[in-house]
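Below, each structure is written out as structure tokens.
Two complexes, one shared chain (chain A), two partners (chain B, chain C).
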Partner chain A sequence: MQLSQRRSAIAMLAPATGLIAVFIMVPMLLTIWLSFQNWSTQTGFSTARFVGVQNFLDIFSQTTIGRDFKAALVNTSLYTAASVAIILPLSVALGLLVHQKVAPGGVFLRTVLFSTYMVPMIAVALVWSKLYSPTEGPLNQMLGWIGIGRQTWLSSPSTALVSIVILNVWQQVGYFTVLAVAGLTQVPEALYEAAKLDGANPVQRFFTITLPLLGNTLLFSAVIAIINAVQVFEPVALITQGGPVNATNVLTYHIRRVGIERAQGGLGSAMAVTLMLALIVAIALLFAVSRRADRT
Partner chain B sequence: MHKIRTLGRTAGAVAFLLSGTIFAQAADVSFLTHWAPDTVAKLEAAAAAYTQSHPDTKITVRAVPFGDLLTTLRTSGGGADGATIAGIYDAWLPDLSKDKLVAPVPDAIAADTKVNWPAGVVGAASIGGVLYGIPNEIDVYALNYNKKLFAAAGIAEAPKTWDEFLVDAEKLTDKSKGQQGFGMINSWAAGVLHPFSSLLVSNGGDLVVDGKPTLDSDAAKQTFELYETLISKGYSDPAMATADANTTGPFLDNFVSGKTGMIIMANWWESALKGGMGDALADIATAPIPVGPSGDVPRSISYSWMTVVNAKASADEQAAAWDFLNWLNGPDSGPNGASAMGDILMSMGILPSRTSDGAAFADRLAGDPFLTGYTETLANAKGFPVVLGGQEFSEALQKTLEAMQFGQLTAADAQKTAQDDATEILARNAQ
Partner chain C sequence: MSLALADSRVLERPRMRISVPRAALLLLIIAICVAAAFPLAWMVLTSLKTPQETMQTPPVWLPATPNLSAYAQVADVVSLGRSFFNSAVIALTTTIAINVTSLMAGYAFAKYEFRFREPLFALLIATMFLPPIVTLIPLYRIVGYLGLTGSLAGVVVPNLANAFGIFLMRQFIKGVPDELIEAARVDGASEFRVLFQIVAPTVTPAIAALTLFAFVYHWNSYLWPLTVLLGNADQYPIVISLSRLLSYNRGAMNTGLVMAGATLAVLPPVVLFIVLQRFFVDSIVSSGVKG
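Up next is the complex of A and B:
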């Protein structure tokens, strides 16, 4: 590339890369820098005092800071694992149902499923908090009609996180179903015809053709589902405030509590950096597993 | 020439009008609160009355849910563009003043405040002898009970001691009806902490003394054991105790719908009960907190709210804000010698802390049966500790009490955890 071409390429790329640097890299680097400082979020950066890795030692210590952070990390991991484990298979199953041409109503079903994704979380939270009400909620009343006893839903530490997962699945599965349908449309019909001629039944066709060819779609869906789940905030802030007994205290909510309510900016930044590292590791592992599966 | 003169006059008139407009909105004052819409409307009406005589001040009111109030204050409220005035809870003051988010009250208004408010309330609004806010409401806790459920269970009057309280809780519990004797609260720090603390002080104990936690006392041990008994015997069902970000939710629904016999709550929730019960509020009565085996008289914790001014607002905005607050809390802004703030608070069933408001509303306070249990307790109330790290301390104790509610900790373990956590948190935040 000639010098003039290189200069014009730099000139054309500069606005975009400049914006990325200002709005993405600077806050990220600032958060990493703050994670090594003792700093109140209500004061200027000039008041930050370097404390080395103390914030990271504190968030993994046996003090209340460490116990609460580790519990939030476990809650976030469980929430993410459960959400992804339910959403992905369900979205493929619903995608097959929507995509099939044997029975009518596929487009209508897809619209209904996707509509939950478009409902604002504040409305979802208001409705679901009432649905989950242990004594007067419609869910328990409906369960009662079929002889199932009262469930505690959000009112018990043993069921609260699962209840938030169910809410998340309900809201997100339509979006991932649309992704699955997009993937299914890319599978050549000829492969199914050939498999039928070879005598493959529907189950065999699903596991030997559909699922392998949906690999890239599922990988993309898994990455998005993990990121969405790790960033869960609204249902916790609006419905449970992390309770009861911190059972739904996920990391984003906990970081907000520490970094903003308590103004402990250094600790909050250390938690945010740890969350970012955990997310990077999880996504990298996912890609590694996917590559390995492709090779075998 | 005539045209030029006309043009000149027009330009002069426009310039005068423009300058008038600019001066008419010289100070924009915003007021951040957590009050409900109907109460916000009353505050807006008071602001409109004030701006009639102060056209140079424009006052706007912004409301957020209680659960978001501190966060809003900490984020947008802390900057020059944040709210000029904010209503805050006294436990938040040490941290907010440490971060220099709140301005000291001007000397003249501070002197007036010290004369017209009880010393304890002024003390809760001060740090190191410096007054940071004009106090308005004071809250204490009382036993709220359902008279119909009491009559159905054959209970003649409210319990006066813990022994009577446990006997009544047992009589009121009927699992076949989904009815609990005593309603606890979870998922809301103050909702968990304040009833527990009120029982503790009514048993002669304290949460914090001279900045040090005293949850290892015998009085605290008995209070933890009381909670354990209520849970283990099934008199209180933690699954009926959840609160949401608006400090409502199942715990309120269960009391309102007659599935909870007794609850310990502050006077401010009269408006929430009215909203849920309507005329059936007449079925609810209040009484002082039952006295524990180590206590002498019925006590409750108390806490106060105050209005503070943003230290990062401009000098003009701060001056306008203090002038408005001085008027709002003064004896000329409300009916019959009461303050407009006192009138707003009374509309929610909240006790105003200004001494002259107490006199102005004496008839209403005496004639409101719901407030009886609270006004009887007021003289013996103990202030909730105002310490650095108070929010973190509250959330840690909340978690421990909730763990005990759900059977994850015994009373002994909960007491040890609570004392150890409080010691570590208060020591760290005091540094």
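Up next is the complex of A and C:
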């Protein structure tokens, strides 16, 4: 029995483990290895030539390579920070609306919000590029109704990145709302009852009970939101091509352009490793901050 | 009659007691639903407009005479049937394979004792948090070595297993009673029969959720197919064909055409979501927060 179970375990694990090893883990290790090589993506791995940390020096240098990469790193950081800063509070607010029992329609709201998460990002990008159209788009028209002038949206360097943040929030917020609702259902009803007896108003109850008990949910949501945000690609590839004036050049788009289209595999890999390190630092900071918040 | 009476009494009581907050919340919910649905409504409405209507300033909201000519035109510009077929092949093959590989690995992690079980599981789960761009460049080369560049197989093969599926299946299979599995083993069933005939039917909510997740993810996926297909238009899934509609659109200025294509591409994942949404929400709750 014992031996046969061991054999079955191997048979059961082999397909998934083998596929993930070959198509995710080995490429991850190769990315790290390639980041220290001079290598053209059009040739075999055997043509790679060791160059030490030269790729990293290049992507942080004052040359065009360095300037473009650093701009993409900054854009991605801004984009990620803005996405998380909007999505987290919004998902809690919407989660409270879905979760409340005072008015009907909560579950319907959840369905509507979540259905946008099913829409292909390509379609989202296409539709929003039309909504944002300065003259033919309905967004500027509606802003006009309430006396706000025409916005430039995707066509100006100062508003293009935030326009992409908005369409991304629209697509993703339903997912995070579901996570928030899951967190809310775990808050014991008895705590609210006790606070009510103590005379706490709804706002006090939210800040003293709901928000602290949502801590783990919010931490998980923040991690997922960060990882999702660095993957933004379709609206940039399809609509802005990184412009205007590099304002929407984000890392997923830039790494693909350098590593695949320009076939500079070593440079692209060094950028990918930097992205990975930046993600690890960001998430570690997030955990540190949340632990400190727990203690106080 | 008496039922209707009882209903109205239930509805009336809370309305009389807390009518203002209740009405305000309901209005807020309706307003948010309208705002959330607006981009999709605009997409569908625009697909039914005439080319002139799509170009007017200020924009026309409702087409004077809704017509489907934009949909017919989409089929002229891109090979629509072929694109849908490619998307279906990609989404269905990956979905079926992910279910099978995840059930197997999830079963092993949930019900077998073996050395390095926890570290191996942690290592696999860590891949869930890896953005695809980090592995894209070497993966492109590896698929090239396998001779799959430019083909649907190249799109599909790296995506036949994933960590989320393993995680989800382990969570659900853990809840299957050991006695059920032991009884089947005593009857002489092989481990594969135990898994697929005894265990799998008890975790259908997880299978439904993983099916929806995998189908939607791979139907919508753009970065990898774009990278591996290398301009081989025959093999394009619908999302890449859509992006080609846009470049066609730049010359013709027909926004309706693009919106018609987008509407068609959105339908399969959204319809599947509406059918399976109960399972999807449940599994996100159980995998994301409690897990």
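Following the convention adopted for this analysis, the second predicted complex is superposed on the first by the 273 of 296 C-alpha atoms of A that agree within 3 Å, B and C clash if a C-alpha of one lies under 4 Å from a C-alpha of the other, contacts with A are read in each partner's own complex, and residues count from 1 in each chain.
The rule is simple: a residue touches a chain if its C-beta (ideal position, glycine included) is under 8 Å from a C-beta of that chain, and two chains touch if they have at least 3 such contacts.
The model shown is predicted, which means the values in this text are computed figures rather than measured ones.
*Asks:* In the overlay, answer first, second, both or neither for which of chain B and chain C A:I260 touches.
*Replies:* Touch status of A:I260: both partners.
*Asks:* Considering only touches as defined above, state whether A:L19 meets chain B (first), chain C (second), both or neither.
*Replies:* So A:L19 only meets chain C here.
*Asks:* Is A:V102 contacted by the first partner chain B, the second partner chain C, both or neither?
*Replies:* A:V102: touches chain C, not chain B.
*Asks:* So, A:Y175: does it touch chain B (first), chain C (second), both, or neither?
*Replies:* After superposing on A, A:Y175 lies in contact with chain C but is clear of chain B.
*Asks:* Looking at the overlay, what does A:P244 touch: chain B (first), chain C (second), both, or neither?
*Replies:* A:P244: touches chain B, not chain C.
*Asks:* In the superposed arrangement, which partner chain does A:S156 touch: chain B (first), chain C (second), both, or neither?
*Replies:* First partner only, chain B.
*Asks:* Between chain B and chain C, which one contacts more residues of chain A in the superposed model?
*Replies:* C
*Asks:* Just checking: does A:T80 make contact with chain B only, chain C only, both, or neither of them? Give me first, second, both or neither.
*Replies:* A:T80 sits against neither chain B nor chain C.
*Asks:* So in the superposed three-chain picture, is A:T64 touching just chain B, just chain C, both, or none of them (first/second/both/neither)?
*Replies:* Only chain B; A:T64 stays clear of chain C.
*Asks:* State whether A:Q37 touches chain B only (first), chain C only (second), both chains, or neither.
*Replies:* In the superposition, A:Q37 touches no partner, neither chain B nor chain C.
*Asks:* Which chain A residues are contacted by chain C in one complex and by chain B in the other?
*Replies:* Common interface on chain A, chain B vs chain C: 41, 135-136, 237-238, 256, 260.
*Asks:* For the complex, give me every residue of chain C touching chain A.
*Replies:* 18, 21-23, 25-26, 28-30, 32-33, 36-37, 39-40, 42-43, 46, 54-59, 61, 100-102, 104-105, 107-109, 112, 114, 120, 123-124, 127, 129-142, 145, 157-163, 165-166, 191, 195, 216, 219-220, 222-223, 226-227, 239-240, 242-243, 246, 255, 258-259, 262, 265-266, 269-270, 272-274, 277, 280-281, 284-285, 288-290
*Asks:* Given the complex with chain A, which residues does chain B contribute to the contact?
*Replies:* 67, 70-71, 74-75, 78, 95, 98-101, 178, 186-188, 238-245, 249-250, 253-254, 257, 259, 389, 391-392, 395-396, 399, 402-403, 405-406, 408, 421, 424-425
*Asks:* Within the complex, which stretch of chain A touches chain B?
*Replies:* 40-43, 63-64, 68, 129, 133-136, 150, 152, 154-157, 237-246, 256-257, 260-263
*Asks:* Applying the document's contact rule, which stretches of chain A touch chain C when the two form their complex?
*Replies:* These residues of chain A touch chain C: 5-6, 8-9, 11-13, 15-17, 19-20, 22-28, 30-31, 34, 41, 44-45, 94, 97, 100, 102-106, 108-116, 118-124, 126-128, 130-131, 135-138, 141, 144, 170, 174-175, 178-179, 181-183, 185-186, 216-217, 220, 223-224, 227, 230-231, 233-234, 237-238, 251-252, 255-256, 259-260, 265, 268-269, 272-273, 275-276, 279.
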